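In the two complexes below, chain A is the common chain; its partner is chain B in one and chain C in the other.
And then the complex of A and B:
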């Protein structure tokens, strides 16, 4: 086997490229087009604008992109798009990736250093991709006496639960994956899964440090779930609903944080504890218990847990926005498009040229939705900033001090918040049938 | 019959005994590969969240410095003797040079004495900043890890200008210092020290006045005045327990008695006081450097000419200095040879380590890093 590189000749390169192009064209025409036709024949096409689509119209739309718009618009209203792309996983993962980058750079600026710099030429924006590639390429090592099925299940369950949490968040009017009447209750149910997963991780890895970390996570999450739920009861009393979209719609005039600042503060501290972020990162306290319940996770298993935790961060920040900051409500920042007008005066040279035609399928997205999404992202970014900030300022608290904060202080404050809400309801100021 | 020892409880080998199995007790090996140990192992036994037994296990970085010193002459001993604490290398060479000078009967030039004080105090700042950075990250405070690491560069930069090396300077030699400072050093040094002191004041805002830090370290690992003396602790640990003991004041060497500074003493004896004393010491170091720059002779020799392979008499000397961690002594036994017959390094780290089981037993596991690193302990130095 000789490994000497052949002598380079331009003619060989051109020949190689043209050969490749030739074979690609041949394979596409002989296999690709028939396959597409067969697939199109077996697909049930939707009825859009009262017209039935067929394979011929699809090929027609390929040659005229503007005729494809109704198809695209139709696709954007399917459940698949909602789950995969916009209010669901893709949107959340994009925000999570941005959060990781912003966190690194912001923390670096706080700490008088540069942060990621080389990867991706511009300020290290591709560092996350490099880290992801590294995690994927690493070997996954499972401890010899670990409970293997449970151990494998932990990262998958964690990411999936975080994804389920994301699915409950309404981003814009009508844009939510699962718009259920008991949305807030579903949120509590999903949050309740996380301590189980952490304890499973600690138990399944059959190692001492993950075990201590898992137990700590259990203590922390259980004791902070109670003030978290109590701090949201005030809003449920005032709005009289558990549906998150209706809670957002009730904040058209004012966000609830004006009337319930105490509840917002309690909820924010509980978010920090639930997310295991500094100052409450005890389950991952490095100097005491290595990496807590994540100690034995390696390679992409660790990557999945990290992905899940950043999805969770986005979901909690979004929940704060939805419940306290008015969700998508906000003044118009997106210019309202003019209604199509027909110009009647003047000399007509080309009859169709001066008419703004009403292209079928435009606008792709309703204007309220775009405006609402912009406000939602801005508010979420602000909340995420305040979640990231303590990492540069605070050390870690001790477990007994943490539990004391949860049980003695936050629960009392949450009850104070409930009494404020009751006073507002019974004095008839706000709430069902109130003045405001 | 009750006095009879059960065969299972009997000690089989010294240090090895069959333990009663107790499901409540969990044994944790903190180290040597653990982000919260140093180059050492701490065997902890925990009952729930409480530490019931502590067994520090140093010795992973033993290098045989004392034996190595017996095969090298008094000058060639210098570069390897600073290895145990490379970030406090001037202070570990200080007692060696003082001892050898006494042995050979050398008179150090006045300018060299001031240069030694400046280098030693700069190096103390470098050491304490490094120690403080690790204390910060042990408590989960990542900004307190980065800030001292960055500010440490100011002192390292000055030492680089003075000695030509960033970390292992080998600057002190018997009979003075290796070389003179570059021209214009005084101005640069004053400017950087002023900025350094301004930065030090900011640590109070982010670290020492932080309510979470105070709640974690106040009243944890309390070492009383009596225990501190009985266990033989030294340096910042001793001074945090209310004992005013600083070798620079009690047994002044070189020109320390002419310089204007004070020792910091706190009475609490808890981790917070132990973490605060080195920080306060850095202000005093800045004061000493400023004063020394003012009083230093502007010109003159910095080093006594030595014969090749100088020989000591048939005597013993013991000299000690105040290092970044406490009193650091060197006992040199000479038998009329060009190399020491025996060199014993008395390190402060090991003295402070002795207090560790006393402090950690009975504490919560979460306090382990806070108490452990507040002991001002450097594992490599303890192992020599």
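And then the complex of A and C:
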């Protein structure tokens, strides 16, 4: 049995820890405290309840929930929270991380393998953290003849574009980072950036495999963008709006997939192609061209591109949910109204011992937001499952077959979908002034 | 706020336009062209017409620039890029540009466009759509015919003849 640290002594460990503590205390006293004091001179603290807010009152607020809760509630309405945490990056990155783990484990089960198993003892639950640490600590190798500025820019651009896509997705009523009037058009505009970034990645690496992968990605994405856009026009005709939140609100009674199954199928196939997933993973075909346009990326650059591509996967699945499956609409699985006694009498945590009473802003999140988020996550997980599933089943298609599917079949089917939508509108069934 | 934004976008547009012409590397020139087109989209947003701006991004930055990059990557650089150091042509070009800009500026400043102030809300894209379907319907029909015929033509041109496919299969 090999020993990780053969010269280990407990005394060395204690000495190391005490040394570190000593130096931390010395540096904090000599540098940290003066810096904090200088910074405090220049910061104007807001006045709350007639008293100047200072850092020590943060601890005060922690022990008094009636002061802390309104602050937290206020903070949750700010743009910063929306961008960083809930409908924005944090939420999407959490889903992306879950998707990566579930994909590995599920594919392993499909193919009668074990998959991640050792990290974290229970079914390899910590494998993702281990992979992340590995990627961060690896050296970033840049090919000698690469175009360095472009090569550095590509991972950042890819992750940023995927983040911009995520920002357009409405998760719950009112919970969307960028609620713009032309959301669907903005989605099309953002999607158009991905082929540029991939082809630049291929070109900037100055290597054969990435270049072939980049050109393939360009072919594939550009030709599947057209049926993707066309398949969504039917919904725009029926709802009469381009705002994604309004499109969700129009599906209170029935999701659009009931009336436009053809559009949904076309859109789903286009999602698979845009995400470069099997059976359309020609740009990253690992058995033909190493890793396609990702071949020369290493370390955290590869990690950023992977993060971006899984954010993109979440965003496309969420777009499918928003457009075809009714977004956050669903039966109430969460109590509709907070019980009246809770608001007036407070919550009895332990009988006769602790009663939290009259706390302003206690329903921290609106009930409909929680209910909507639950439904949204359930539907998105279902769609992501169907995106992941072909990877365990299908082989890769040839490039000419791929282009033929895109140009001959999907575009024609998308037009069929548009005619169905037109028929529904002109026969007066749905749409402005329709029966339903 | 709008003035700083306007200045920033104007500087971005003009600088990237000059860069698109002057860059030695054609790829960077293409990227600079993307910057110019994106700057024009920014102008559209400042002019309260996000509809046009988003189409500008989706069509010009997203598709046209991709085509340009694609062509640059596929064509050998020496065939299309021969640098001629000819100062006469450069000065002539600069002079021509100055003449055009001065005359255009004179026309614009004399047209009284800077004295127009309006409080009308920006035109909704739904209104444009209604106009297209009612008053301007012949133009819409002509556009639809041109577009559909070009799509069909592209499909026909891109189609492989069966003989070629069979030949490849026998290989």
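Assume the second predicted complex is superposed on the first by the 354 of 436 C-alpha atoms of A that agree within 3 Å, B and C clash if a C-alpha of one lies under 4 Å from a C-alpha of the other, contacts with A are read in each partner's own complex, and residues count from 1 in each chain.
In this text, a residue touches a chain if its C-beta (ideal position, glycine included) is under 8 Å from a C-beta of that chain, and two chains touch if they have at least 3 such contacts.
As the structure is a computational prediction, the values presented were derived from the model and not from experiment.
Aligning the shared chain A places chain B and chain C next to each other free of steric conflict. Looking at the shared chain after the overlay, A:249 reaches neither chain B nor chain C.
In the superposition on chain A, contact is made by A:288 with chain B only, not with chain C. Judged by the touch definition given at the top, the superposed model places A:195 against chain C, while chain B stays out of reach. Residue contacts after overlaying the shared chain place A:123 against neither chain B nor chain C.
Of the two partner chains, chain B is the only one that A:391 touches; chain C does not reach it. By the touch criterion defined above, A:401 lies against chain B but remains apart from chain C after alignment on the C-alpha atoms of chain A. When the shared chain is aligned, chain C comes close enough to touch A:218, but chain B does not.
Of all Cα pairs linking chain B with chain C in the superposition, the shortest spans 5 Å. Under the contact criterion defined above, the residues of chain A that touch both chain B in one complex and chain C in the other are 400. Residue ranges on chain C touching chain A, taken from their complex, read 27, 31, 34, 50-51, 54-55, 57-58, 61-63, 65-66, 69-70, 73, 125, 151, 155, 158, 160. If you check the complex, the residues on chain A that touch chain B are 107, 110-113, 208-209, 212, 278-279, 281-282, 285-290, 391-401. Looking at the complex, you find that chain B touches chain A at residues 26, 28, 34-36, 49, 136-147, 150, 206-207, 210, 212-213, 215-216, 364-369. Note for the complex: chain A touches chain C at residues 147, 150, 180-182, 185-186, 188-189, 191-193, 195-196, 199-200, 203, 211, 215, 218, 222, 400, 407-408, 411.
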